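Both complexes below contain chain A, partnered by chain B and then by chain C.
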Partner chain A sequence: MNQAKIQELFNEPGCATNRAKSDSARKKGCSKALTPGAAAGGCCFDGAKISLQPIVDVVHLVHGPIACEGNSWDGRNSWSTGGDLYRRGFTTDLSNLDIVHGGERKLYKAIRHAVEIHKPPAVLVYQTCVGALIGDDVAGVCKAATERLGTPVIPIDAPGFAGSKSLGARLGGEALLQHVIGTIEPPDPGPTDINLLAEYNVNGELDQIRPLLARIGIRLRTAITGDARYRDIAAAHTARANLVVCSQAFVTLARKMKERWGIPYVEGSFYGISDTSVALRGLVSLLVDRGADLKLAARAEAVIAEEEAKAWKALAPYRARLAGKRVLLYTGGVKSWSVIAALQEIGMEFVGTSVRKSTAEDKERIRSLTGGDAVMIDQLPPREMYRMLRDGEADLLMSGGRTQFVALKARTPWVEINQERHHGYAGYDGMVALVRQIDQALANPIWDQVRRPAPWEG
Partner chain B sequence: MAQLLNQPKPLATSPLKLSPPLGAAMAFMGLDGSLPLFHGSQGCTAFALVMMVRHFREAIPLQTTAMSEVSTILGGMENVEEALVNIARRARPKVIGLISTALAETRGEDIAGDLKLILARNKDLAGTRVVFVSAPDFEGSLEAGWAKAVTALVDGLAEPAPARREPLPRIALLPGVHLTPGDVDHLKDMVEAFGLEAVALPDLSTSLDGQVPETYVPTTLGGTTPDEIRSLGRCRLAVAVGEHMRPAAEALHAKTGVPTVLFDRLCGLEAVDRLMVTLSTAAGCPVPPKLRRARGQLVDAMLDGHFFFGGRAVAVAGEPDFLWSMGHLVTEMGGRLAAAASPVAAPHLAELPCEQVVVGDFDDLEDQMLEAGRIDLVIANANARQLCRRYGTTLFRSGFPIFDRLGAAHQTTIGYRGTRDLIFQLGNLLMEGHGHDSTAAPG
Partner chain C sequence: MPQTADKVKDHISLFKEPEYTEMFSAKKAAFECRPSDEAVAAQAEYSKTWEYREKNFAREVAVINPAKACQPLGAVFAAAGFEETMPYVHGSQGCVAYFRSHLARHFKEASACVSDSMTEDAAVFGGLNNIVEGLQNAHALYKPKMIAMSTTCMAEVIGDDLSAFIAQAKEKGSIPADFPVPFAHTPSFVGSHLTGYDNMIKGILQYFWERESHKNRDPGAKINIVPGFDGYAVANNRELKRILDLMGVEYTLLSDVSEVFDTPTDGRYRMYDGGTALDDTRAAINAKATVALQKYAAEKTLDYCKENGHATASFHYPIGVAGTDTFLMAMSELSGKPIPEALEKERGRLVDAIADSQAWLHGKRVALFGDPDVVYGLTAFLLELGCEPVHCLCTNGSADWEAEMKALLASSPFGAAGQVWRGKDLWHMRSLLFTEPCDLLIGSSYGKYLEKDTGTPLVRVGFPIFDRHHHHRFPTFGYQGGLRVLVSILDRILEVADASSDISYDLTR
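Now for the complex of A and B:
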């Protein structure tokens, strides 16, 4: 791995957390050292794959032993409105002989085979720990394959042991910047073209965003990478503005697109009602600054006013049902404060919210929303989480799949809110969907029965 | 007799293979108070953990030595030591399964040697048994890792039978990885019906059968205890299920002297009959009435069900002994095993009642299905869903992983009762696909 590149990715001037650090702290980078025997979470390769796999029409080829792809394929809920090539697992499945002799020839043959059979617009090749350890030159093979096969073959150099999932996502963005974006000039660039960065179309969330953009008159060139086509990402440099939905993953990509092609960006979120409006306004203002029709702003305000009113109206009936319910929010990915604001609006209370991956700015907003530090949690060991729920300190846990069973075993309602979730929660409709889901979880009749002891227990 | 097609190919598409460390970790899930540890990068653990969580719908204790690029190059002993000490302090497990991955094995670490040094110099580890399993990802599949873990547990923990003491009226069970918690539960029931005790190694039926404990437990809860493994030598007989359990059965016999018998499968009338004879002999008593009635029900299910299997083309994909069990049942009911795929070669697969068995992935199964023409039913894990959707074929989800259906842990396909229910489920799917569905509206 290129240490200089990792250093550069860690020192992101576009990142508020990074800016707030001292020089020496900044040099250490933002990945926390992992503790053997007490670590949780995915690896660098996992992060790269999550951030790029939503490109639906390419072959995602994993160069490594079976664990890396065999244990993970078809496991993510990024939807496609096109084909399903991206969902099929492709791997060189390195055997012991490959490890002895080197895997480069096998990799080349694998790429050739994939290109011949599936004729994709590109092949993305993911390096893994074992490929890196035996010194396979993935970049070299990709270069040779690109030249001989006439199909772009792109190396994603993010082996698992290089660092965290978050670093992997950033390395994925770096690869797009280096090899993909700007390689195709589209015939139809328009004055209101935008990209959504780090939007992965989890459970079809783009369907909750695209109609809003369309009504305002904004054209989505591509999401990077949800439901994306390779050629659209290659033409993403012609967009007039970028919206970074998850800054952790792609803020560096946004900054570099600004430097290279002059595309301004804004960070925002489609989780929560007011946040959706802020994000839309931000986009419109960038576009208008760059010469888009002024009517865009008026249309945006009309859509925002109508959608906000509709959403609040849809949420109103839940106020009576959910007011006073206490939520424990434990997540890294979704920007916590935006969900908090919306749920507080209908009267729900927060007994805790994780700020593991929140920026200083995020924390400040959480503080002002909840009136103090008390609810901010950095780490919550599962044992303590179980105790809180078992003792009835919260009525509901909202978290990622990893802690699902802590809640369920404590016989506590649980709502899933991360990558692997099974519902889309983006935009105005998405917020209503989330509240509906919360209501269904809390109101389900099983809780009464499952909490009751068996008749023979006291 | 089947021809085993084992052409090495550069590209696996829609893999059928799973990693051996995952199989080994699953074996440790069937031990009480256990916490397996992968010696690799944290992704090795995360992927395996998520797969088991999605399949069993349970919290899965599994840790990582969290190897970085630097520690991989310099050697991972320090990471192993730190991980073991951390786990012992925080979770106090009775057993830690230290499982190597491709990462550690590619570098060629002497993990067993390192472990001796680590155990000798850490008092914190005194109360914990650490069992090392070498399971590089590049050798074998799920079965290989599971079998290696069970063999390592036998070698590491079982003790020879005490001299001049009568064996207990107890049967040791060595279930293969293709047996679900429900299967193991049923197998133990059958043994106990003969008035014998049953000890399974591993025993998923008491650890991953879905319980709601009253406290938070950071290790496994339920499963075989270390004491039960130690005293395996006092069993009257050991019953291993699945060809891949042969090395574990041989290790148990060598270590303890307990007579062992290996059943290639426990699905199908004749197969279960053989088990009944074995258990009846071991118990010295006739087959109990309840099991005789169950046999009658299976015979009747075969009579009722055979209409819907006769002449139908079925595709089966999975680990060798899963394929062996399902493939035989389908053909015993009159169906045709029209396509068969296994992620790894196993000699006994050449005895399957079909023309060809392809060693490969779901793409190879798809090719075979296309060659075969019409396929009425596919039996495989949930990863077959994409190809079944493409071809509009019905999928019966079985094996591992099943991440998009409930109750995977309780699917029971062994014994008279399990076989009976399997025939009903498969028969119903075949019935639907054949216009026999009486509830369908006419026209």
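Now for the complex of A and C:
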């Protein structure tokens, strides 16, 4: 693995945490060393895979033994409005003899096969630990394949052992920057074109955002990478502004796009009513600064006013039931504050939010929303989370699927807000959907049963 | 020729061949005297309206698609659950062929049962000769230890007196004088299969406790359990025994078909297998209590046991958390035995499973039909899950049942939209599903026509289940059974989600 590249990725001037570090601390990078024997999250390959997998029209080919693809195959509900090629699991399925003789020939044949059968606009080839350990030159094979087959074949050099899932997402972004973005000049660049970075169209959330943009008159060139087409990403450099939805994954990509093509970016979130409005205003102001029609701002204000009113009206009936309910929030990055703001708006209270994957700016937002550091939790081991919930310190846990069971065993309602959720929560409609889910989770009669002792226990 | 020896088509594909489709349309055009397709479609649309629903519910005389069966079916089922007992139906043999096929199609198992094949002259002169000959033949041919006699309508219309006829048959030497022949009058034109079940169990107890031994009661510690007519009896009775064994309760199941309707394929035909031992049935008078798992399938039996000094209790098909809790608590109280840890863990697992899946269940509108206690038990379970029972229909429910159902629905906000339809049939249900649609329909295989017609996905729970195999081999009782019913409901909900998804066709749900 290219250590210099990792160093460079960790030294992100766009990241406030990094800027605040001493030189020696910065050199160490920002991934914490894993503790052998302790539970750990996903690997670098996983990060790269999930951040790029939502590109719907390419072949995603994993160069490794079966399980790397087998276990990550279609793992997240990223939706497509086009084809479903991205949901096919392609892998070279490296086995004993490949590891002895090398897997490069097999990789080349797999690429050729995929190109002949599916005729995709591109093939993304993911390196894994095993391919990297035996020294297969994935970049070389991809280069040769690109030349011989006439289809771009992009190496994603993020083997699992290189580091964390978060690093993997950044490496995925790097690969797009190095091989994809800027390789196609579209015939139709426009003054209000934008990209959404780190928006993955989980449960079709893009369709909660796209209509808003369209009504304002903003054209979405592409999301990187939700519901994306390869050619649109290749033309993403012609956008006039970028909105970074999850700064952890793609802030470096945003900064480099700014440096290389002069595209300004703003960080924002579509989770929550006022956050959605803030994000839309941020985009509009970048576009107007770059010479877009001033009417854009007026249209944006009209859409925002109308949509906010509609959303508040839809939320009103829930306020009576949900006001005063205490929430423990366990998620990462932007959601750690954007969801807070949204739920505070209907009177819910926060007893804690995890900030393990949040940037310094994320944390600052939380501070301003909740009036201090009290609710910020850096590490919340399951045992402590269990204790908090069991002792009744919260009425509801909102988290990803992996902590679901801590809540359930502690007899506390739970709402999924990470990628395995089944409802889109983005934009104004999404907020109403989220509140409806919270209301349903809290009102379900099973919680009475869960909390009641068995009748013979008196 | 669509059908050749080289390539034999099954009927699912055969009748889609052009030869057949042409033949069908030619027949339709030439012989069926049908109104135009437009007129048929318009009438079909009309039959989905509120206006039609009101006419449908004003219907007084015709029953269309009843969700109930007749008394002797229940009596035959009850009789089959005793040691080496031949169910015997006094009346016409056609009825008995129905009972046998009904049970065989549901349990996928041979169902032994005889009739004395009354004919026209028997209807005129009375069925005495049929009983005299019938008992002799059944006894000689099938060598049972007991023959349990019920009746069809034919015998009841002419008023045959079973008690006197059986006595005469014994006098004439058809069967030994001490050979047990309990009986129950089970006219189909009164009640339903549940009434017949109740009558037969009571008849068997009466024979052993009164006719044979004159009520010598010596109260002990055992508890009699009457499971009731239950399509899941094979697995449920085993589950029941497992639970009671775990608790250390001493019990006698009064009618246990779990063996005879689930015999192994090992080269030996068992006409009889398992069942409640006749000696246990004799001794059952000494029980301290008799409990019925289905209140409306054992009302007379419980009254009779009460007369004999037993404490009694009844339940509504214990299913789900609260239903099973109530049952276990009562058994614990009656027996003085505590609830063991193993059951406590099972309970926790069911609660856990419901909590895991609650988001998919919440607010799902459900219509259901079936026997009164099954509908009650399922309704209570649905309320626990956060589903909303909307139409609770029972063709053979009583006024008491209706009142209990209404109280149950009123006990939960999820029951607010619930309506109880007593004495209604599945054609009523069709109107209900069109005018006030639901997300799910729960009921027997007969619900499949409603599923196709109204587009409401069917979860099969009840009797009979003819078109799916082996459901009866898995319990619905107790916490374990609740889990199975929960999974059936969830599977259907998720199948529907998958089938109706295009871009949301998700791997993980």
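Here is the rule we go by: the second predicted complex is superposed on the first by the 454 of 458 C-alpha atoms of A that agree within 3 Å, B and C clash if a C-alpha of one lies under 4 Å from a C-alpha of the other, contacts with A are read in each partner's own complex, and residues count from 1 in each chain.
In the analysis below, a residue touches a chain if its C-beta (ideal position, glycine included) is under 8 Å from a C-beta of that chain, and two chains touch if they have at least 3 such contacts.
What you see is a predicted model, and the numbers here were worked out from it, not measured in a lab.
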Worksheet entry | Joint occupancy of chain A by chain B and chain C, clash or fit | clash
Worksheet item: First (chain B), second (chain C), both or neither: which does A:P65 touch?
Response: first
Discussion item. Counting residues of chain A touched by each partner, does chain B or chain C come out ahead?
Written reply: B
Discussion item. Applying the document's definition of touch, where does A:R383 land relative to chain B and chain C: first, second, both, or neither?
Written reply: first
Worksheet item: Looking at the overlay, what does A:S95 touch: chain B (first), chain C (second), both, or neither?
Response: first
Item to complete: With the two complexes superposed on chain A, say which partner A:Q449 touches: chain B (first), chain C (second), both, or neither.
Response: second
Practice prompt. Classify the contacts of A:W79 with the two partner chains as first (chain B alone), second (chain C alone), both, or neither.
Written response: second
Worksheet item: When the two structures are overlaid on chain A, which partner does A:V406 contact: first (chain B), second (chain C), both, or neither?
Response: first
Discussion item. Taking the superposition on A as described, I'd like to know which of chain B and chain C A:I134 touches: first, second, both or neither.
Written reply: first
Worksheet, complete the sentence: After superposition on chain A, the stretch of chain B among 7-15, 277-285 or 295-303 that runs into chain C is 295-303
Worksheet item: Which chain A residues contact chain B in one complex and chain C in the other?
Response: 73-75, 404, 408-409, 450
Item to complete: Under the touch definition given earlier, write down the residues of chain A that touch chain C in their complex.
Response: 73-77, 79-81, 203-204, 404, 408-409, 415-416, 420, 422, 437, 440-441, 443-447, 449-450, 454-456
Item to complete: Going by the contact rule at the top, pick out the chain B residues touching chain A in the complex.
Response: 8-15, 17-19, 21-22, 37, 40-48, 50-51, 53-54, 57-59, 63-69, 72, 79-80, 82-87, 90, 101-103, 106-107, 136-139, 141, 212-213, 215-216, 218, 383, 385-386, 403
Worksheet item: Which residues of chain C touch chain A in the complex?
Response: 321-322, 325, 328-329, 332, 338-339, 344, 347, 351-352, 354-356, 358-359, 361-363, 383-386, 412, 414, 503-504, 506-509
Worksheet item: Taking the complex as given, what residues does chain A use to touch chain B?
Response: 1, 34-46, 61, 64-75, 84, 87-96, 98-99, 106-107, 109-110, 113-114, 129-130, 132-134, 159-163, 382-383, 386-387, 390, 401-402, 404-406, 408-409, 411, 450
